[in-house]
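What follows is a short report on a single structure.
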Amino acid sequence: MGNMANKISDETMEYVGILAKLELSAQEKEAAKSDMEKMLDYIDTLNELDTSGVEPMSHVFPVHNVFREDVVTNGDNQEQTLANAPLRKEARFEVPKTIG
Amino acid sequence: MELLDLTAVELGKKIKSGEASVAEAVKAALARAEAVEPEINSYVTLDGAGALAQAEEIQKKIDSGELTGPLAGVPAAVKDNICVKGQLTTCSSKILSNYIPTFTAEAVKNLQKAGAVLLGKTNMDEFAMGSTTETSYYGPTKNPHNLTHVPGGSSGGSCAGVAAQECFYALGSDTGGSIRQPGSFCGVVGLKPTYGTVSRYGLIAYGSSLDQIGPVAKDVADCAAILEAIASYDEKDSTSVQRKDYDFTSALTADVKGMKIGIPRDYMREGLDPEVAGAIWDAAKVLEQNGAVIEEFDLSLVKYAIPAYYVIASAEASSNLERFDGVKYGYRTADYEGLHTMYKKTRSEGFGAEVKRRIMLGSFVLSSGYYDAYYLKALRVKALIRQAFDRAFQSYDLILGPAAPTTAPELGKSLSDPMKMYLGDIYTISVNLAGLPGMAVPVGKDRKGLPIGMQLIGNSFQEKTLLRAAYTYECATEKQYEAPADARLSGREA
Amino acid sequence: MAKQYETVIGLEVHVELATRTKIFCGCSTAFGAAPNTHTCPVCTGMPGSLPVLNKQVVEYAMAIGLATNCTITRVCKFDRKNYFYPDNPQNYQISQLYLPIARDGYVEIETGGTKKKVRIHEMHMEEDAGKLVHDEWDDTSLVDYNRSGVPLVEIVSEPDMRSPEEVIAYLEKLRQIIQYLGASDCKLQEGSMRADVNLSVRETGSDVFGTRTEMKNLNSFKAIARAIEGERERQIELLETGKTVVQETRRWDDNKENSYAMRSKEDAQDYRYFPEPDLVPIVISDEWIAEIRSRQPELRGEKLERYKKEFDIPEYDAEILTESKSMADLFEATAAICKKPKKVSNWLMVETMRLMKEHGMEPEDLTFSPENLAKLIELTEAGIINSSVAKEVFEKIFSEDLDPENYVEEHGLKTVSDEGALKAAVEKVVADNPQAAADYRGGKEKALGALVGQTMKAMKGKANPGMVNQMLREMLSE
């Protein structure tokens, strides 16, 4: 694999943890860091390929213009929506306060 | 126990003719499951009472002539990342350990219309991330052919369940090989349809641009019948494709005369277990003897599929799994102070190590400054891989190769080295990137008695070509579905 | 000499589109429903649910793009914007970053007699978030997803504005265009139009931009103007004291007339945009654009020209009436019933505007029906009620939209034209006011007015003023 070994800093791990809302234990963090470095080294092998002029392909088929008409099809779904709520107050989901 | 030896279509015929009742079939499968589950663990949820209630309903509809399809009354299982209204659906994750969907996946609705009796939900790698079914929150599933080996993954529960006769067929999902690889490890037939063929509505997403639901079956005829039942154009899935053909069972003719089959040299070289290679060559010869033209060719780019896949799938997964946050459903951590702590603790406690690893990787490759270098690069490589397949299909009707480099590894040997585990998906992953149909068909066993599967890859929308070749192989080898020795023993003891 | 500063302002305007259903599911967008009733697996981010795009959203967005002189993106796509917040059920918002529906447009504004183009950088479609309410007592927030998935367009301007006046002129212009298109009702108070202000200051004459801040939570034109003044002062103060402006998002508190940073260690502004894999591209053909253009309703300029030609009303009135779509609609509907455009225009220009000002209302807030105003005009024109009664009745119509015919009948407000009754009243007034009568006879024309007023008062305002006038003249010239 590539000789450009990736090094991930503790700050980067911290930052990605904030983005992903994951808090890894010190031990998990070390393992995750080394896993990520190895994966990125592996991913860097893609740079062996010249992809200049190649359009990034997000959909494999040229399907386009899939629409629905502007017609109300759903009724009152309050109970289903709240059925799995870990915590609710009357008809709303309850979460820790969002702004101070 | 002889009902259990029947394929789904055979059982369907017996039910229709009145030789067997739906309840008998359900009871047989439940008894089998009860006997072997302590060892195999195919199911996260086995709903005996619910299944018997369904059996009664469906029997009535069969008797009244309302249900006439080949799968009417046949008991089936569904992978636990596919929503069934009112039934626990966990993705084998702690974070969804209490989640009860309020709607049913389109593919399952289609099965219900075909008269399926749903026995329960099958075990899997957590959120379909893994190749061994060992990352499940509910413990690993074991390979019915040898209980010290893994069944493969991520649809390990579905494949082991079918192999161990705990159900007559099952639905799996395949993002990078998750039907074909465990199908091959468990000696069952598995098919990943062309992207867009089976609705993803109700499939809990891992990599949205790669995921497809597909059949896990005892033989090729069953596989065709199941695919015919579940495939549909669905307005609720914008990536659903309106196909011209949904009559997959019409492809069940033993005829490959003149069919051009390419074997990628790059698949048969280093890294491939010699016993597996031998079985693949033997299978190719069978097809050749039946009139197919077999050639070796260079597919190219094979080694780039895995890194491209891990960028794309992890990126999509990191976003798809953001919704699991303890607000609307699922697990919420017990103690928290403030919103962000609640998020972090919920997710850190709710997800297992492999899921966290992929979320971290996915979040990183999408983060500011890396998007072009990683994500766009991977999408460009995806385009190149698709082009390589397009070139191959100018010369060949289908591609034949192994489904996995080895037979099923021993339990506990894979997770410690994720890189090695990822390499196990080398033959299957590119098929998802290119959106193509792929199929795993049993072609023998190794010295340890572990099944070997060949993989057939077709051009877009050419499932019928795959089914025809697989059916021809099956007929030529008189290879009837064979229940695994271990599980059979367990069943007898019960 | 103190340094002079210039304010540089760009706007991000969110507009809720007037579709019946949400952008990606068949849930109703109607206001005022009980919490979480207008929800489904899609707009609450249930696992396994998938979005399907509402075609009307694309067509409204195209119409707005065309009316603001934008170039429509022929292949446009949705992207995911990832951030965790409880009002965002998937923790990503489906939006557009890489290929937004429209780009490179402008609108023309006028302030203090000067015309100016404000350029539009781009416009994209996206989904709205749910609503959070905060429980002060137990330190929790509560989430309602009824608004989650309501379609929005976000219109991003270039930093072309220099004053609160320009900003408000720009917003009014956008609102006018969008209301004319019928694409949104654009009510700031109800949040169907919201503006985030990007503001920086620089020394006058400088051609480099300063560091900008983004201000959110601005829900009236007044709040926007105050926030701009406040932020301008805050930034100048920082620069004058040798400090630097930090690029950040600030929340405006209109009660305290103060803004505060929304910064948090846990909010890295890194949205990890990537193409939404659950939706397919939108390909927009020439034919589709032509169809949207042909369906485009008459816009303000065209309407103004037509009013001048079609109706015999002053140009100034036509301008005022067409300024807002709701006012123009009210005018046309009323004129169509009573066929007296000039009278309708008068009622709208004078009494309606006066009452609106008195109540601090916008034309969109008017609730009375064209039918009732038309009836009132007919009653007046037929001489059934006099003009002062008409004004009184109109106030009732304005506030309660009542039927003027019934009201006049019930309250006995019809003009008295009975000569006997009038004559008796006039005679009594002349007898009771000998001084005024003498003044008039002595040549003081003004004195007649007082006598008319007295008579009207005696008749409780219901007398036919023309007849009273004539009778008085005749009687006093005898």
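Structural remarks
The letters A, B and C name the chains in turn, as written, and every chain counts its residues from 1.
Heads up, the rule we're going with is that contacts are C-beta pairs under 8 Å (C-beta built on N, C-alpha and C of every residue); 3 or more make two chains touch, one makes a residue touch a chain.
Here the structure is a predicted model, which is why all the values come from computation and not from measurement.
Set against the Cα centre of chain A, the chain with the most distant centre is C. Of all the chains shown, the one with its CA centroid nearest the global CA centroid is A. Measuring from the averaged C-alpha position of chain B to that of chain C gives a distance of 56 Å. Chain A and chain C have centres, each the mean of its CA atoms, that are 40 Å apart.
Computed from the mean C-alpha positions, the centre of chain A lies at a distance of 23 Å from the centre of chain B. In chain B, the positions touching at least two other chains are 99, 102, 209, 235, 238-239, 318, 322, 325, 327-329, 339-340, 343, 363, 367. Shown for chain C are the residues in touch with two or more other chains, namely 44, 52-53, 82, 84, 86, 141, 143, 266, 270, 272, 277, 279-280. The set of chain A residues touching two or more other chains comprises 15, 19, 21, 58-59, 63, 66, 68, 81, 93, 95-98.
Of all the residues in chain A, the ones that touch chain C in their complex are 15, 18-19, 21, 58-59, 63-74, 76-78, 81-82, 89-99. Residues 19-21, 25-28, 34-40, 44, 52-58, 75, 77, 82, 84-86, 132-135, 139-145, 265-266, 268, 270, 272, 275, 277, 279-283 of chain C are the ones that touch chain A when the two sit in their complex. In the complex of the two chains, the chain C residues touching chain B come out as 41, 44-53, 80, 82, 84, 86, 89-92, 141, 143, 266, 270, 272-274, 277-280. Those residues of chain A lying in contact with chain B across their complex are 12-13, 15-17, 19-24, 28, 31-32, 35-36, 38-39, 42-49, 51, 54-61, 63, 66, 68, 80-81, 83-87, 93, 95-98. On the chain B side of its complex with chain C, the touching residues are 82-83, 89, 91, 96, 99, 101-103, 105, 200-205, 207-209, 235-239, 315-316, 318-319, 322-325, 327-329, 339-340, 343, 363, 366-368, 371, 375.
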